[in-house]
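Heads up, the thing below is written out as structure tokens.
A, B, C and D label the chains in the order they appear, each numbered from 1.
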Amino acid sequence: MQGPLGLYNYWIVIVLMMTGFYIVIARPNLIKKIVGLFVFQTSVFIFFITMAKVEDGTAPIIQEGVNLYSNPLPHVLILTAIVVSLATTALGLALVVRIRESYGTINEDDIHVQDEAS
Amino acid sequence: MEHLINIVLLGLLMLAGFAIVRTKSLLAVAMLTSIYSLLSASLFVVLDAVDVALTEAAIGAGISTILMLAAIALTSDEEKAPRHTPLLPLFVVIATGAALIYGTLDMPRFGDPAAPAHRHVAPTYLQDTPTAIGIPNVVTSVLASYRSYDTLGEVTVIFTAGTGVLALLGFRPRRRNTEDTGRKKLVILRVVAKLFFPLILLFALYVLFHGDYGPGGGFQAGVIFATGFILYALAFGLSNSQQLIPHQLLYVMAAAGVLIYGLVGIASMLLGGKFLEYQVLANDPVTGQHVGILLIETGVAITVAAVVLIIYYGFVSRRPAPGDI
Amino acid sequence: MLTENLVALQVVVPLIFAPVCLLLGKSRHAWACALTVSWLALGIATLLVTRVATIGTQSYAIGAWAAPIGIEYRVDMAGALIIFIIAAIGAMVMSYARRSIEHEIAAENSGYFYACYLLCLTGLLGIAATGDAFNMFVFLEISSLSSYVLISLGTTRRALTAAFQYLVMGTIGATFILIGVGMLYMMTGTLNMMDLAQRLPGVDDTRTIRVAFAFVTIGVSIKLALFPLHLWLPNAYTFAPSVVSAFVAATATKVGIYVLLRFFFTVFGIHFSFVAMHVGEILMVLAVVAMLVASLVAIFQDNIKRMLAYSSVAQIGYMILGISLATSAGVTAGMIHLFNHALIKCALFLCMGNIFLRLGSVELHDLRGLAQQMPWTMAVFVIGGLSLIGVPLTSGFISKWYLVSAVLDAGLWPLAVLILLASLFALIYIGRVVEAAYFSKPDPTAKKVREAPASMLIPAWLLIGANLYIGVDASLLAGIARQGADILIGAGVP
Amino acid sequence: MIGLAFDILSWVSLLIGAIFLLVGAIGVLRFPDFYSRLHAVSVSDTMGTALILVGLMIQGGLSMVTVKLLLMFYFMIFTGPTAVHALAEAAIEGNVKPFARKTGQ
């Protein structure tokens, strides 16, 4: 695919990223926010992996008779980033559980009301 | 053909994404998130990132979903509608998206072999790995040797998450036989779990030690290892699974993995090299690389397995909020 | 072996001892471990600064893989200054921490606390030392994740929501940085900062690089709480445990500013950042608004920790203002203020820790007449406050002096007036506290309190001592800052 | 000739497997209650994946790939039905009532 159509992959990935980003900033439910972050980050991973693809290349595991491989570096970066995303998700959800225990709600609007009252 | 699969998967991802926005039931959202993650793992396979696909499937579709379900069980399932109309967020998102699309216009087209990213540093990794490191999986060689310091950081991140969950949710070992009543019906699950438990652990070891040659490595192995124990806990109850690994041991394991990694670095310093310079660990540089990579991958696997279990136990041993689910 | 590996040890020592701290558990051993490591880090940092000052920029190839292939640690004068202030604040805060932590954090959590503290220290030092864009992201996440945990350990439930808010905003910021770094990699094929600086001029008129610049800038701005992206900061500083407020306020945002400096000057180069992208003008407006609005908001706060938090947002404005001038004098002023503000804010928040330990509150109306009961603590507050205002013989005066002269050098005298106006606001909010503590009658029903223990007073006084020393003789600091600024500004041309 | 026969066999197997999966998916959407949906998905899913794996094994011939596919087959045969069984048990425990048409309508 030549011309601007050769970028279609990136455009769809951007739509995906923005879906996640929208969930984070528009939804008052705390678990939904964490889900949004997860979707946002996963879409960024897709962005990186897309950039690593080389046409007609194969997975970067050296084999006899193959001489075109996809770029291994973004794969490594994303392996690290996936772990970071897991760590964020786990911590975020732990915070949500504690917030629910002390506020009785996981809705941001309700929490604000309670904080204003105190 | 590859383009077709690519487009179909991306389309499904969009569907899943929009469904996540629209769905109100959080349990359904958790499952959709899992599907989203699994779809992206499939996409990674199409895009040649097999290592990433394995990790995404294990972490995103597996562990993250379990954690979300556990958190929902401890909180509540319904989502209230937002109080304000989401005009400002919509504006921010559209502006950000427009900026990103503007940024794509000068990007090299998808799959272009002449893109600068494939011309500068990456070819060195592909050319040098067989001789300098002596393993075929270039992702492992970059991860565990060329950029091993990032991986040390990654282990530290996951260790931080484990410590954080411990600090937030605590970790209370259950007494025996408090929850085993009413689980008599699970005979089939238990038989299968018993059958699979050793196989999962065996598979984890395979993924760990085969990481030099195929997709896999310490991180994936650690997650799979922990999954075995989570399966056991689901089938036989929390207290029984905690009999298998005492929680003190989990602390020690979580710390030990990071320590193994760090000490490999310190050892290479003491032997006259730089931090994490594996060449000095053996007489022959390539053997040194092998030793170093194996040691640090083991360290990664130990910490990851322990931390994932700590996080899982942290969530599950918390008492559910009263009045829900 | 020690000297050539100094740069790596600076970060690796706290990293390795964090798990040890976790294993030591709830006992005082964990504190002793964290304390020893903090002082060790300070020792290493001192050696590092002298080494950089004598033989110049330190480059260290981790794993012996040369720069663009492997990860490089690169510490120049600017980096060394940041590393030193982080390590110094870390050592002071840890010396102070034991009593305060026993008071504010449940005993079963103290082991986790010290482990997270060391991880946070590791992350911050790692950011300052690294010369690799992606490695910076990883260490940014280490420091961020651990600071979310540290903040969530505060005494009230609002600490939890504050930490959650910080987590969401911080993760958005980090993801933006990741997108930006990805685009940079896409166009250049490298992640090493020096290599990026060399390869970017060939592609820097592309739309991709411009967007990458914008995303990195916005992402880092969230982390450093640049107005109007500061929304996470007031709650986080107010509801965190006192020790954490002191540590995070003095280090985390400073490291954010350092990251911004690195990207503006080293990676993108002064020409691209300030001439092509006009980031200077945008930052200048935001900085001035932050200075004035946040100072004004601070005046109306009754919780003193919250007041200090807003004051931090304002002070970040001063630093950014200096940087936005993009002159040697401006960046020097920014770095001097960065150093001084770390000293000042740390001392002030430690003060709040003392008051909270004895009084159980940091609300303004509970402080009436406190100066008689806690004279030493309040004296720290007064000197710190004077420093914040910028009274001569304090370090704050030095920062303001350099900043105002840099602004005048650039011919922007209205800005100098605005700086003085913001200082006037600072005078008001500090004045409110001083008025309550020294000149109000104590509430007759209020309980009598004792002065804070010496273990908590000495670190605060050490910081104040350093502050006064700089106020009298700033030549050493100014020299180092100027050297750092010159390297940064000249770094665009390799 | 043999090659062609194997190819046809494998494709038939793949196609029938895919049809099974499709039917299962339609069943999940169209059936009225939890238990019948579970029925639709479990039976067709197990059969569908099994057929697809067989089709792939024929393609793979006698190689390491086939051994791995065989292992997958083994795992699928066990985990699929077990998971569905556990789901049904959980549904009963959670008082999910089967759909029943009211008499007299």
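Just so it is clear, contacts are C-beta pairs under 8 Å (C-beta built on N, C-alpha and C of every residue); 3 or more make two chains touch, one makes a residue touch a chain.
What you see is a predicted model; the values in this text were computed from it and never measured.
Sorting all chain pairs by how many C-beta pairs they have in contact places A-B at the top. Subunit A and subunit C, compared by their mean Cα positions, are separated by 28 Å.
Work out the mean CA point of subunit B and of subunit C, and you get 31 Å between them. A separation of 13 Å divides the Cα centre of subunit A from that of subunit B. The set of subunit A residues touching two or more other chains comprises 17, 21, 25, 51, 73-74, 77, 80, 84, 87-88, 91, 95-96, 98.
Those residues of subunit B in touch with two or more other chains are numbered 100, 104-105, 107, 115, 117-118, 121-122, 125, 147, 150, 153-154, 157, 160-161, 164, 168.
Here the touching chains pair up as A-B, A-C, B-C, B-D.
Those residues of subunit A that touch subunit C in the complex are listed here as 17, 21, 24-25, 30, 33, 37, 40-41, 44, 47-48, 51, 73-74, 77, 80-81, 84, 87-88, 91-92, 95-96, 98-99, 102-103, 111, 115.
Residues 134, 137-138, 141, 145, 148-149, 152, 157-158, 160-161, 163-164, 167-168, 171-172, 174-175, 178-179, 182, 185-186, 191 of subunit C are the ones touching subunit A in the complex. Against subunit B, the residues of subunit A that register as touching in their complex are 1-4, 6-23, 25-29, 31-32, 34-35, 38-39, 42-43, 45-46, 49-63, 68-80, 82-91, 93-98, 100-101, 106-107, 109-110. On the subunit B side of its complex with subunit D, the touching residues are 182, 185-186, 188-189, 192, 195-196. Across the complex, subunit B meets subunit A through its residues 3, 6-7, 10-11, 13-14, 17-18, 20-21, 26, 29-30, 33, 36-37, 40, 43-44, 47-52, 55-56, 59-60, 63-64, 67-68, 70-72, 74-76, 79-80, 82-83, 86, 89-90, 92-94, 96-97, 100-101, 104-105, 107, 109-113, 115, 117-118, 121-122, 125-126, 129-130, 136-139, 142-143, 147, 150-151, 153-154, 157-158, 160-161, 164-165, 168-169, 213-215, 219, 304, 311, 314-315, 318, 321.
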